[in-house]
Amino acid sequence: MLVMMKSHATKEEIEAVCRKIESLGYKAHPIPGITRTAIGITGNKGPLEPAAFESLPGVGDCVPVSKPYKLVGRELKEETTVVELGDGVQIGGRELAIIAGPCAVESRDQARSIARSVAAAGARLFRGGAYKPRTSPYSFQGLEEDGLKILAGIREDFGLKIVTEAIDVQSIELVEHYADVIQIGARNMQNFSLLKRAGRSKRPVLLKRGISATLDELLMAAEYILSEGNYNVILCERGIRTFADHTRNTLDLSVIPAVQRLSHLPIIVDPSHGTGRREKVLPLSRAAIAVGADGLIVEVHHRPEEALSDGNQSIQPPELEQLIQQIGQIAPILNRTL
Amino acid sequence: MLVMMKSHATKEEIEAVCRKIESLGYKAHPIPGITRTAIGITGNKGPLEPAAFESLPGVGDCVPVSKPYKLVGRELKEETTVVELGDGVQIGGRELAIIAGPCAVESRDQARSIARSVAAAGARLFRGGAYKPRTSPYSFQGLEEDGLKILAGIREDFGLKIVTEAIDVQSIELVEHYADVIQIGARNMQNFSLLKRAGRSKRPVLLKRGISATLDELLMAAEYILSEGNYNVILCERGIRTFADHTRNTLDLSVIPAVQRLSHLPIIVDPSHGTGRREKVLPLSRAAIAVGADGLIVEVHHRPEEALSDGNQSIQPPELEQLIQQIGQIAPILNRTL
Amino acid sequence: MLVMMKSHATKEEIEAVCRKIESLGYKAHPIPGITRTAIGITGNKGPLEPAAFESLPGVGDCVPVSKPYKLVGRELKEETTVVELGDGVQIGGRELAIIAGPCAVESRDQARSIARSVAAAGARLFRGGAYKPRTSPYSFQGLEEDGLKILAGIREDFGLKIVTEAIDVQSIELVEHYADVIQIGARNMQNFSLLKRAGRSKRPVLLKRGISATLDELLMAAEYILSEGNYNVILCERGIRTFADHTRNTLDLSVIPAVQRLSHLPIIVDPSHGTGRREKVLPLSRAAIAVGADGLIVEVHHRPEEALSDGNQSIQPPELEQLIQQIGQIAPILNRTL
Amino acid sequence: MLVMMKSHATKEEIEAVCRKIESLGYKAHPIPGITRTAIGITGNKGPLEPAAFESLPGVGDCVPVSKPYKLVGRELKEETTVVELGDGVQIGGRELAIIAGPCAVESRDQARSIARSVAAAGARLFRGGAYKPRTSPYSFQGLEEDGLKILAGIREDFGLKIVTEAIDVQSIELVEHYADVIQIGARNMQNFSLLKRAGRSKRPVLLKRGISATLDELLMAAEYILSEGNYNVILCERGIRTFADHTRNTLDLSVIPAVQRLSHLPIIVDPSHGTGRREKVLPLSRAAIAVGADGLIVEVHHRPEEALSDGNQSIQPPELEQLIQQIGQIAPILNRTL
């Protein structure tokens, strides 16, 4: 249930409602809106009795929530969430967010060399895996904390915000220490222990859609994070598994307007995993921006043929420049900037 | 196998090679290119002996074809096919093709009223089904020849080219008589008898991808049409069947660059069936043009709530205008016009 | 709507109700049950008024039908349909039906040699394609009428009932002339013109599930046949298209009890196309009988390595014998015989 | 690479080869077979030089391994693994393994009441979740350690072996303390941190196939567990996600013979999650045994309508008895017992 406060409700009235909610053994989630504050209630097993709240001072309405998710829905919060990363870098605002970098941090030289191109191309966020979830136990699994330190150095020297993946409760401690955004990969989209831990982090979370996740499952996974108190979640479409064999996955761009209709969370697109083919990254990036995504996360490698992972889907720095130039032309049509 | 003629080969030399091919019991498909002519050979069961042709006058090379398709491939014909419909209307050329109209022709008034809006919005092709393949035998099955006559009247009065579906060998006779483009629907993509009959028609064919067709199957279906002598085929992506339930089908935009890489045939997108949801037609139309499609086929109805079929996915005339205005802004980025 | 006659209703009363239905422009489908007759009404666009029929002599109830299908449903006819093929051969009865034979009739010798083994193994129905729907126009397309004549000879000489595919309105004329059961293949499951034509045939129809057909779509396709007056339809599960790549298709055995719950039509399983791998035909045949299917249709070839189509999934005669022996042990558990 | 020892190789020779492998920085996995011992080598990034091992005493062959997995493959170990759980209870042996019980342990009374029926029906293993991975953060998440204690009591009082799920590194510590088999659920099939931790456990692991996992991905997930030293892994097919909507998931029974061909690990079937419908559990259980599975894991609840999770797919105790009686009739056909 949502308790919608009146528009002139005082801070004290809001706090009193929260205390009341918590005294009943539930959890209160006050979410300030532009005109009025909504308070989500979670932790209840069955339906709640509106009468318990409607008589409290400052309360406008009590709205039962029919969707399985509450905190991620537009019913609770109409305006799109803008995740602030400092230095004016945002995800979900008017400016499109471009996150670029290698699949994996392979060495200091490799990562810094790519970071230099990424910054030169105009992107403001850098990606690179220090922990790599790999199908085979015998594949390269990442440089771990050494990789995170390389990423932290890149932030310092190139002014790029760092996005990198955490794969378990142990790695998330380090990732939140070194990075600006914690990525949760597609395979972990329903790793609920990890989601809950991410929900207790102070860092924004980039949550990738699972390879066979429905829209509801994606939103419920985000709900796990928000329900623990972390409202800074960015969703990411990265391709789904279908019978089609001309790309590694099938990029489902229709999920972008579908998410935007139901949820206030920003959503970006990963055309690299979404297609698995270098030559399709540029056209699908254009399509992602044209459909209305809030940004892109793209794999870039200066020597794709030598990459320790995902070389086939990495573009080279000159292609990144072309990509940014092309989406820069599409952005104004959607009233966005780059 | 492909026989590649020398660039200065004469018409007589080309004809002599064709006669030779046919004297061996095969079928010859001369396809003139900008610099030289290629001659495809079909009808052979096993591999052919290049020596039989290489010594003929005017022959350059004999190229074995490894792909299961021949005539639809870029190996045979490098330049993209431009389907000419008269009065300067093309599909596959620099100008984007916009095909708009109702799912079904329901009455003279309905069809003409929508046609007026379609022409006013600037589209040059009109769609509308006279034969409707319906999941249920108890659903509206179309006005049949009466519907075709209404369509022919629309061509005359509004100057729109007519695209309409044939569902069997009987209806294709009438469709090719009244319409400019014969549509073959997704459910008939592997109706090989119908494909062969369409291949013997003089009208261009719009071939929709089956709901679970791979890229190879789509190209092989087109190959059936070309192998009978009709080279004017336009492909169409209209959504595939996946587990995702937030749209009726999953629009697979990555198939556009994949087709363009392998085949010279033009390809358009149907965002109406591709999403099944009115409010997603506009964003996915933008994405389709941004990814590089040669045009769109869109369902428009002036009173969607009263439509006898597919009302949920039909946009209204003002939305069509907005759509055309938005893709007009994207077109120049891909060096296209509207 | 269904008109349920009283149990003691006379033949005249039933006929009077049918006349009344037809006088209103609808089609009447009287279906005699063990205790009473139901009359299905089709051809109505909207809901019908029960009052029009309830007052007629002999009428018990008028039942509105909520499912999109009527004639195929158990609401209309509770007892499972038993398709009688003469000489005591049935599909849907207590005896399991085993249909075996090559993918395609390749020659008189090939077909008869396999037929001899099939009869010796104890199967009573023979399959073999004279018309082959092939993905490529350059693949072997069948012997056509010559193939049908070979099949007719096999019926005469070996006493096997003949099941063979019709692919269009032209071939169905010949197939119904020569064969005992008309097969409609997976690719034609929604070829509605062909379904309607099959509905006007006097021969039973074996309708294969389309590769991406839902249960409702399968039942609606059967409804097309029944709605034209042919009630002898046998359904067939032959694998669906999924992401799984260890078999050619994914055999969906759970559709067997699902069909049996909703429909009175018999359903058999094709483990050859369902798996596409010879070594999986035997285990999946056992599973199909154990789940409750009414029979099997299996590809058998005496020299699979030389087959012109589907050699990979054809078993050899000794494996057919083993198969029949094993399912014969499972049959009694389901109160079936062989 | 695999080092195949000669059949008369001594224990000392085997140990010497292992020491050599480890001195090179790799990991040795000696697997005793009936006639001779194979030693798998893991931890190498690229291909290995056979010469380094072929000259050692007792070594027969060095076999390069082409498949991405090694330890789970039949190349390494031909005989099917039999997981021993004590008191003569096995999975993978001649006797079929029946694991039955509620989705979740809801209370001491509920669990013990069901356990009593399970034991009475003749099953020897009990399932019941103490940690429940749920799509929604607001759904019942399990009784955690209290649930495990209830399960331990059931083992003591009813002599049933306990199978229960671990969802993260924290819960696995407790699960391995209280249970006989650690279950890893479908959503965690590629939670590689959890797989590695399970690989260091002394308890057997029941690994469920992910909802969209290919056969190779399933085997590679098992490889993670084996590569850490735990060879007692049981695979489980529990349905895949497809377009089909008549069951919750599509049970892919063809994966059973496919796994058995490639891997020595036993594999069982979960018809409860595999169908999601109570009335399909019995027919699909018969099919699973008929196809050759090593056992079943079935949800049983004495009051399904009151279950806190998965009530729709739980059968009641009398149905479990019927199930066991029916598969007992099928077992001898596959040379199995119950």
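Read from first to last, the chains carry the letters A, B, C and D; within each, the first residue is number 1.
Here, a residue touches a chain if its C-beta (ideal position, glycine included) is under 8 Å from a C-beta of that chain, and two chains touch if they have at least 3 such contacts.
Everything numeric here is computed off the predicted structure, so don't read it as measured data.
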Legend entry - B-D compared against B-C, more contacting pairs: B-C
Legend entry - Centroid-based (C-alpha) most distant chain relative to chain C: A
Legend entry - Whole-Å separation of chain centres (CA-atom averages), chain A against chain B: 39
Legend entry - Centre-of-Cα separation between chain D and chain B, whole angstrom: 50
Inset, instruction - Can you check how far apart chain B and chain C are, centre to centre, with Cα atoms defining each centre and the answer in Å? - result: 34
Inset, instruction - Spell out, as numbers or ranges, the residues of chain C touching 2 or more other chains. - result: 212, 241-243
Legend entry - Residue ranges of chain D in contact with chain A within the complex: 42-45, 68-69, 133-138, 140, 167-171, 187-188, 190-194, 196, 211-212, 216-217, 220, 223-224, 227, 241
Legend entry - Residue numbers on chain A that touch chain C, as the complex places them: 241-243
Legend entry - Residues of chain C touching chain D in the complex: 212, 214-215, 240, 242-247, 250-258, 261, 274-275, 279-280, 283-284, 286-292, 326, 329-330, 333
